[in-house]
Amino acid sequence: MSRQITLEQADTIIAACKAEAVSVGQPMNIAVVDDGGNLVAFASMDGTKLVGVDISQKKALSAVYFQADTRDLAPLVQPGQPLYGIESTTGGRLVVFGGGVLLTGSDGAVAGGVGVSAGTVDEDHQVAEAGRRAYQG
Amino acid sequence: MSRQITLEQADTIIAACKAEAVSVGQPMNIAVVDDGGNLVAFASMDGTKLVGVDISQKKALSAVYFQADTRDLAPLVQPGQPLYGIESTTGGRLVVFGGGVLLTGSDGAVAGGVGVSAGTVDEDHQVAEAGRRAYQG
Amino acid sequence: MSRQITLEQADTIIAACKAEAVSVGQPMNIAVVDDGGNLVAFASMDGTKLVGVDISQKKALSAVYFQADTRDLAPLVQPGQPLYGIESTTGGRLVVFGGGVLLTGSDGAVAGGVGVSAGTVDEDHQVAEAGRRAYQG
Amino acid sequence: MSRQITLEQADTIIAACKAEAVSVGQPMNIAVVDDGGNLVAFASMDGTKLVGVDISQKKALSAVYFQADTRDLAPLVQPGQPLYGIESTTGGRLVVFGGGVLLTGSDGAVAGGVGVSAGTVDEDHQVAEAGRRAYQG
């Protein structure tokens, strides 16, 4: 395994997400996965919603699997749209709404994903985005 | 385990739900979970529909996981809405229509959830609500 | 659905099991299923072990499915014995050790099952047996 | 949710586990769950084995579910022993060998669990034990 994201980097991402979550006022679940979709680090903030424990991890995975931010998937999965029904595939491990963001290396290759869940999808995305900024500078 | 809801409290909730179900005229499946989403007590009334055995438990879980009544989720998961597709996550354990209500303690913290299933979603919610009143006074 | 065990009977069984569990000194999870294997009533006593929430239900189901007490299955599933490996079937819903007992009606037909979990298998069986006595007199 | 273990405490546990893993010379996957079995924090050290991502979480869960260290389960689940076959229950979420340890509060109640995976079961237990010491002092 030559993971494209280290635990130290994942910890930095989570720290940035936690700070943003405090600023937003919503305790979050935050997950970071590597370029293989495997969990590197996870944190569930005190007082968060339990539903986000699972969903944050799946958002991070979905970002890597699709090589896209999960909010960009939402229009594609609506009734009548090209990926309608896709969330039933992959063993129920895909999330098709906002809160998962893709991490890429300096060469543009996929490095991993960050998933955030417990707030609105906009809040979730905002907090995940803070994690991405901490990673990509 | 320092559960925020005792078995005695759960029994009181189920008794109130049963009385309301009799009043509604629809035998119900009734589930009570604790603040970690674990089942505390369950009752399936004579003559109910078997589909509700599973769904009532998942409604109670969903209320705790989302920190919300499940009927409040319904508008958010429709096509084009922010949480469209969410029910495919969390191992198929989420229910996104009415009949699950959240229990909170006197300090406002999540204490557990009540899920009811076998009638219409309005009937289910009404019966679950009776359980909540019995708990929260 | 013409269930062979009523909710009132299930409540009587659970009450007897709870009294026996207090006597044993081990808070238990207690499940009663009908002759179709569907859950009729469930109680998780304060201070019990969470592992028994699932296992008690599966013990009750297994008693009905096998038309036998689950402790009678244990010798049959050992390496080299006829049912070796059976617990991997039926979607992982079978329990092959003590704590599940079969309920039969006055005509000898299967009426349901009681499953108990959180103590030793002997304690679990003893508590389930108390429930059976309360049902069958 | 009134979790018996905070994220800050979970981070302290993981830091202690990481230090012990470095001392052992085996990069580990480390998971901390609360008293309801829900994941609070997770870290996968650089160069670890991916098999432990899932197993470490299930070890922590199993410690809470059984109110015991997982290495104490191993003798009970062997062929001919009382709990033989138990790992097929609970949706495949139980681990019945060493590496999961139970956290209890000052009142003796279950507070959570720590699960460690990637080394030998003795190494895994040793690293989890270091996390417990950091929590319980």
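Note that the chains are named A, B, C and D in the order they appear, and that numbering of residues resets to 1 at the start of each chain.
The rule is simple: a residue touches a chain if its C-beta (ideal position, glycine included) is under 8 Å from a C-beta of that chain, and two chains touch if they have at least 3 such contacts.
Which chain is which protein? Per UniProt: A, B, C, D = PduO protein.
Here the structure is a predicted model, which means the values were calculated and not measured.
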item: Neighbouring chains common to chain C (PduO protein) and chain D (PduO protein), by label; value: B
item: Geometric centre distance via CA averages, chain C (PduO protein)-chain A (PduO protein), whole Å; value: 42
item: Between chain D (PduO protein) and chain B (PduO protein), distance of the C-alpha-averaged centres to the nearest whole Å; value: 31
item: CA centroid of chain A (PduO protein) to CA centroid of chain D (PduO protein), Å; value: 25
item: Intercentroid distance (Cα basis), chain B (PduO protein) paired with chain A (PduO protein), Å; value: 29
item: Numbers and ranges of chain C (PduO protein) residues touching at least 2 other chains; value: 50
item: Chain-level touch network, classified as line, ring, star, complete or other; value: other
item: Every chain pair meeting the contact rule; value: A-B, A-D, B-C, B-D, C-D
item: Touch list for chain D (PduO protein) against partner chain A (PduO protein), complex; value: 1, 3, 6-7, 10-11, 38-48, 50, 53
item: Residue numbers on chain A (PduO protein) that touch chain B (PduO protein), as the complex places them; value: 49-51, 54-55, 58, 74, 77-79, 87-88, 92, 94-98, 120-121
item: Touching residues (chain side chain D (PduO protein), partner chain C (PduO protein)) in the complex; value: 36-37, 62, 64-67, 79-80, 82-86, 88-92, 94
item: Residues on chain D (PduO protein) engaged by chain B (PduO protein) in the complex (per definition of touch); value: 1-2, 4, 34-38, 64, 105, 109-110
